[in-house]
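Going by the order they are written in, the chains are A, B, C and D; count residues from 1 in each one.
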Amino acid sequence: MRRVRPAAVLMVAVPLLLALVGPWLVPAEQARTAPFLPDGLLGTDFVGRDTWYQVLDGGRSVVLVALAATALAYAVGVPWGVTAATARLRIVDEVLMRPLDLLLAVPSLLLLIVLATVAGPGVAVLVGIVALIAFPDVARIARAAALEIGGRPALEAMRMQGESWWRTSVVYMGRSMARPLAADAGVRLTSSLYLVASASFLGVGVPPDAADWAVMVDRNRTGLFLQPWAVVVPAVLIIALSVGLNLLFDRALRKEPR
Amino acid sequence: MNAITRRGFLGLSAGLSAAAVAGCGSGPTGAATTPKAGGRLRAAFAGGGAKEVLDPHLANLFVEAARSKALFDKLADLGPDVAAQPRLAERWEPNADLTRWRITLRQAVFHDGRPVRAADVLSSYARILDPARGFRAKSSLSVIDLANSRAVDDRTVEFALTRPFVEFPNVLAAFGAYIVPEGAEDFSRPVGSGPFAFVSFEPGKSVLLKRNPDYWEGAAHLDELQFVIANEESARVNALLGGQVDYAHDLTPTTARAHASGDRMTVVRSPNSAVQAFAMKLDRAPFDNRDLREAMFLLADRPQLVESTLAGAGQVGNDLYGKGYQYYADDIPQRVRDLDKAKHLIRKAGAEGMTIRLNTSTAAAGMVEAATIFADQAKGSGLTIEVVTGNKDTYWADILKDGVMSSFRSGAMPIETHIAQRLLSTSGTNVTKWARPGFDALYEKAVSTADATARAAVYGDMQRMLHAEGGYLMWGFADWIVGTATTVGGVSTAPANTLDWARFDKVWLG
Amino acid sequence: MSLSRYALRRLLFGAVQVLAVVTAVFLMVHALPGDAAVALAGDDPDPDRVEVIRRALGLDRPVLERFGEWLWGLARLDFGASVVSGRPVADTLVAALGPTVVLAVLTLVLLVPLAVAAGVAGALREGGPLDRALTSVTVGLHSIPEFALAIVLVAVFGVGLGWLPPTAVGVDVLAEPAVLVLPLVVLLARPLCSISRLVRAGMLDALASDYVRHARRLGVPPGRVRFAHALPNALAPAVQQVARTTDWLLGGVIVVEAVFVIPGLGTVLVDAVAARDLPVVQGLAVVFAVTTIAVNLLADLVAFRLAPRAAA
Amino acid sequence: MTVVRVEGLRAEARGRPLVDGVDLAVEAGRVLAVVGESGSGKTTTGMAVLGEAAPGVTVTGTVTVTGRVGFVPQHPAAALNPVRRLRKVFRELGPPEAVAAALRRARVDPDLLDRYPHQLSGGQQQRVVLAQVLVGDPAVIVADEPTTGQDAITRAEVVAELAEVVNQGVALILLTHDLDVVRALADDVLVLRAGRVVEAGPADDVLTVPRDPYTRALIDAQPRLTTPDAADSAPPLLRVAGLTARHRAAHVLHGVDLAVGAGECLAVVGRSGSGKTTLGRCLAGLHETYDGDVLLDGQPLPRSLRKRDRVAVARVQYVFQDARASFDPHRTVVEQVARTGVRLRGMTAAAARESALERLAEVGVDAAKAERAPSGLSGGELQRCALVRALLAQPDVLVCDEITSGLDTLTQAGLLDLLAGLTCAVVLISHDMGVVARLADRVAVLHAGRLVEHGPAHAVLAAPTHPVTTGLLGHTTIEEASK
């Protein structure tokens, strides 16, 4: 077993801490001055707000949306996949899983752009869309895991003991799936983070002056040569968070016995 | 990639106000001061992708307007003060009751060598007025009674109008009212009378034009003119900095600030350009209450809005359209923020504790930001402003019907046109639902008054009405900013939508 | 199942997939607020004018009728005409296809050898400094959104240092290949990481397998053991991942085309959605779906060849 | 000529000895069998001859080999590269003449070379691996459990091949726990227990007059193929009528008719893939896609377990081949075993636990072990627990699917004793005719999903009519054939 590198922990901890605690450190009343001035800790942003406060305020949406979307994808995808895997009729399996193949033929960013335009802006919408994009993969993984577990003699032995559906399909299967799903959750979380950041950058789902790291990167880009912090700091935070998460989960995964 | 969010519609949403600031005429700027002939100028504009067309009557985007201007001519166009001045029309003369106008055409030829004739003018206008088609200039031209208009000879047209109309030259300068050869329908290889002739077109990508040596106003300096599409501002700036283009249209104040002092580009500002506003609807609660409208006027901290949203690149507005344009009522005192009075008026209107939804969208740059800042400014006034961001693609149609207050932005046009299109009870795009029979009557009086001074007085009365109780909170006028390579000369600072904006026949490469 | 029957079944399913995707896209775009007329009217939405435009574009006809007509056209390989510009959709797509195909093909051409080289190098030196460096870089780069990378590259190499053209504005990408360097780097970053990691893992598994140990004991030279015995086994999952990458590529292309101003399919898509230009969006959906399905099919066939047992 | 000589071999992993003081010598054309249970140090010894050691294992002692060593691994399927055609691999191993010679020696049909490994049968795979080893012209071959998991017919083939190679003058070190193979091939035997040599000598001596009690126990535990006595057949309790079962589109059983009397033991035999397991699963309600009927006391049993009530579930129980996989790794063994009492016999949790512990103790799993998670028990122990888990339901019919395969002979013998003492009807699925001969009252032979022979055990075993049956029984005759 390898030691978790402190660098990776730091890369995750700093953005996460800023994202979760940051909003409480922002004063309710903020002075507004001209854009891209060197005032304050990190200067001002493209509408003259204090960049440091924007940084404190702007992580929550990225992090929470990614977390909520991942959670939602699991809440829907896992029962979906398990239902398909345990369905007695093959047609149920087909009806549940085939449409997901269709989703795969639509590029996720196209889906994201069109759906976001249909649904209009809003955090809930963004969560829903990112979850929708993540959910087919979750359902497939859950189905594959459930199929594997459902074919295990241990489960059949339980059925031979007359165990109830609840104990076999929920308790036993749930516990057995926890590990593969937990391993997958890391991948899913980083890709949700990626999608949320990309969406925000594209101006999908968030107001254009939102306190949001990805939006900050986009909107403050024009001032890159005047006041680079307004771009650099949020960009570095996003990159650190996703790289750090990736490193941590990669390490955690490697500890799994082959 | 804000290609999706920042596609500015030209025309009306992003025009420029004329020179309100001293020295802001149409004087050429640029490092190279001596005109030089030859070369190809590459100009980067935001585009409309595959929907771009070369049909000048369909033009909607800045890039389409600029290309139309290079390829075609109108009978008249707007000068730096946004008043009509003759172009293909050498001169115009109305009859005594202003219902018949005789236009004398200049000696000009199309690129294929045919002369521009009265018949071309009439057929172009007939095409625009075709009831089965939705050309943009149609509503402006609808004052013409085409059936009774006629070609007196090849170079003389006599227009019959449906009513007395002293501002008829504004119609001739209307957006998209270009003269095309008689019968022209296929614009895949357009033929016009403009300073440049068509070479090639790749939709969504580029248009290449070459100098028209026989242009009636004298041939252009440039050999070739290429329009290329870069939807994102940063891409236009990068392309300019990377030497891939020589002219980048529509830059942000921040870019201007970052590069103004450097030697990598020349920044050309057309100060005081697009008007920035909030529109309140007068036909419904709560803004059917005049006190509440005034309270909103008094809540706005205009200098801060200009400073933050426009990064200082603009001027404070006084709730009236067309600062510095002909007939602008600059004798009306500037409104300033007065929170106490606003609070009092809000209480008086019974709007305390009320939440007002302010519709906005990214349909034009800066609108959402301005709305958020205004909502901040309203804090502590007794009412709450909630910013609602709507769909950018349908925003302008949506705010025409829905909501009570919305972000608004407009480009340059004569004040008369602004009134006719937006402030009469019959106007098609009356966002504020300002419908006053008295005001309509004043408009009728103004446009049928031949005497300029008397007419100006009527316009002044109308503007006083609007300032006192209108629905537009016009808080600022933005600069229009263009970046060019340091070798480019002759770029005008005139507002967009006016004659000298994006006028590449006057530009040269040093 | 024989290879050809397998391929045929996949093709039939692919056709159904395309039809379903097109219908779904039709429904989605139809659900967008406003139609092409409203979008076209823009900031001059005089209701009378919008109505006239709508009539002129034929949008006043029942929507199902238009969809049916479009489908019928599709059956005859006719993509219809843009409601906005009136130009044939096929022309628009063909014009935009070039740059996108150049980008995608170059990406794939570079991707596979680079990813395999990096993955194999890491696996052969497992735990060494090279492997550690490669692992850190690939694990990290994998999750950086294209936009962030693109901005950094343009700022540093395009504008700051001036080494490479920062955009492709007004440039024929085929005539001036230098403009493709930065976009390609951006497009390559993510798939390169994920695939090289798969190759590395597959290679490690293969190197630890019974058949590799057996081959070594039989006296097969080390080079052949690595490249003829272990590597093919590591490639099958990587090939499948390359297919999944087309999704990223299409998404990445949208971002890259916007940032670098490359007038390809991504740009057309964004514009067409904004203009509610249904026939164009539909045509694109067909192209995207067909591409995705074809690439997946191809990958499955290659994997079938690479790993005959798994598919049997 | 002595090709291999090992002296004072000692192997340690983390200070724990795996092999301690092993000496051995093999001459050309001779076979040394290294016999012992799993973990006795067989493989470590074999690796030492190859000059290899598992990671973390330190080996001391001297190993002298004259000539090259070839290694035939345990699972030939895993030793063949799945993605490469055989011809290309052979081309890398040596010049065409050497390859041709090796193919001849291993009796591999050269036409097979254009195939992928998965397109070969188990016996063919084994021969291909042997041919690959022979290309290098080894002086000695180490074969690791070459017959494990193979059915009797394949096993006989493997033995014949190895005998052939030995006849060509190659020395063979056979690592195995299969005493039949030892009898058939070995000249000398080395018995290992916990890394130490307990007995060594000529095969005939060791196998007929073992001196060490452990060796004796190993030999005694070996089931012998004897012809059972004729027995009265009981009235049928369970009947299978016209059973045709499918896996997806493929038919795996065709119109099988069978009957089992109360208290009888029916052995279902056949080669791998003949449909034995599917038949057992149909009886237990674990395989639902079939036509035909499974009748218990004349009443059709519902196809699916879900449709069987508790009584019906309890009446037909099933014991899985892989005992470890049939337990949930997260709960203690007794907890899992006791659930049968709770669910199928309506006992309280406490009472079920009591009776589970009691029955487990009877089969030699004490309370301390029963309280562990499955990972704390050996394979043999777990299989006994699994048996108890099924028996607590007091079934009328117990289906046992290959429950002795993969167990060493001593463990296997204990389990067979348990089965022999059962009063319920047993359906015993096996390919080990020794086991069958010991337990079965009736035998059914399946081949490619069809019932090819069915009758009283004594009749079928004494006078087999179908070639498959003859083949399955054939391993006992190899002994004579090769000696």
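Throughout what follows, contacts are C-beta pairs under 8 Å (C-beta built on N, C-alpha and C of every residue); 3 or more make two chains touch, one makes a residue touch a chain.
By chain, with names taken from UniProt: A = Peptide ABC transporter permease; B = ABC transporter substrate-binding protein; C = ABC transporter permease; D = ABC transporter ATP-binding protein.
Nothing here was measured: the structure is a model prediction, and the numbers come from that model.
Across the two candidate interfaces, A-B and A-D, the one carrying more C-beta contacts is A-B. Chain centres here are Cα means. That of subunit A falls 44 Å from that of subunit B. Averaged Cα coordinates give subunit A a centre that lies 49 Å from the centre of subunit D.
Note on chain placement: the centre of subunit B and the centre of subunit C (ABC transporter permease) lie 40 Å apart, centres being C-alpha means.
We define each chain's centre as the mean of its Cα atoms; on that basis subunit C (ABC transporter permease) and subunit D are separated by 50 Å.
Within subunit A, residues 113, 117, 120, 201-202, 218, 221, 224 each touch two or more of the remaining chains. Multi-chain contact residues of subunit D (touching two or more other chains) are absent. Contact with two or more other chains is made by residues 1, 4, 234, 391, 393 of subunit B. All chain pairs that count as touching, in label order, are A-B, A-C, A-D, B-C, C-D.
Per the touch definition, subunit A reaches subunit B in the complex via residues 32-36, 46-48, 113, 117, 120-121, 201-203, 207-209, 218, 221-226. Contact residues of subunit D toward subunit C (ABC transporter permease) in the complex are 50, 70-71, 73, 75, 78-84, 88-89, 92-93, 116-118, 129, 132-133, 135-136. The part of subunit D that touches subunit A in the complex is made up of residues 284, 286, 304-306, 310, 313-314, 317-318, 320-322, 325-330, 339-340, 343-344, 386, 389-390, 393. Of all the residues in subunit C (ABC transporter permease), the ones that touch subunit A in their complex are 13, 17-18, 20-21, 24-25, 28-29, 31-33, 135-136, 139-140, 142-148, 151-152, 155, 205, 247, 250-251, 254-255, 269-270, 273, 281, 285, 288-289, 292-293.
Remark: subunit A residues 88, 152-154, 156-163, 172, 175 touch subunit D in the complex.
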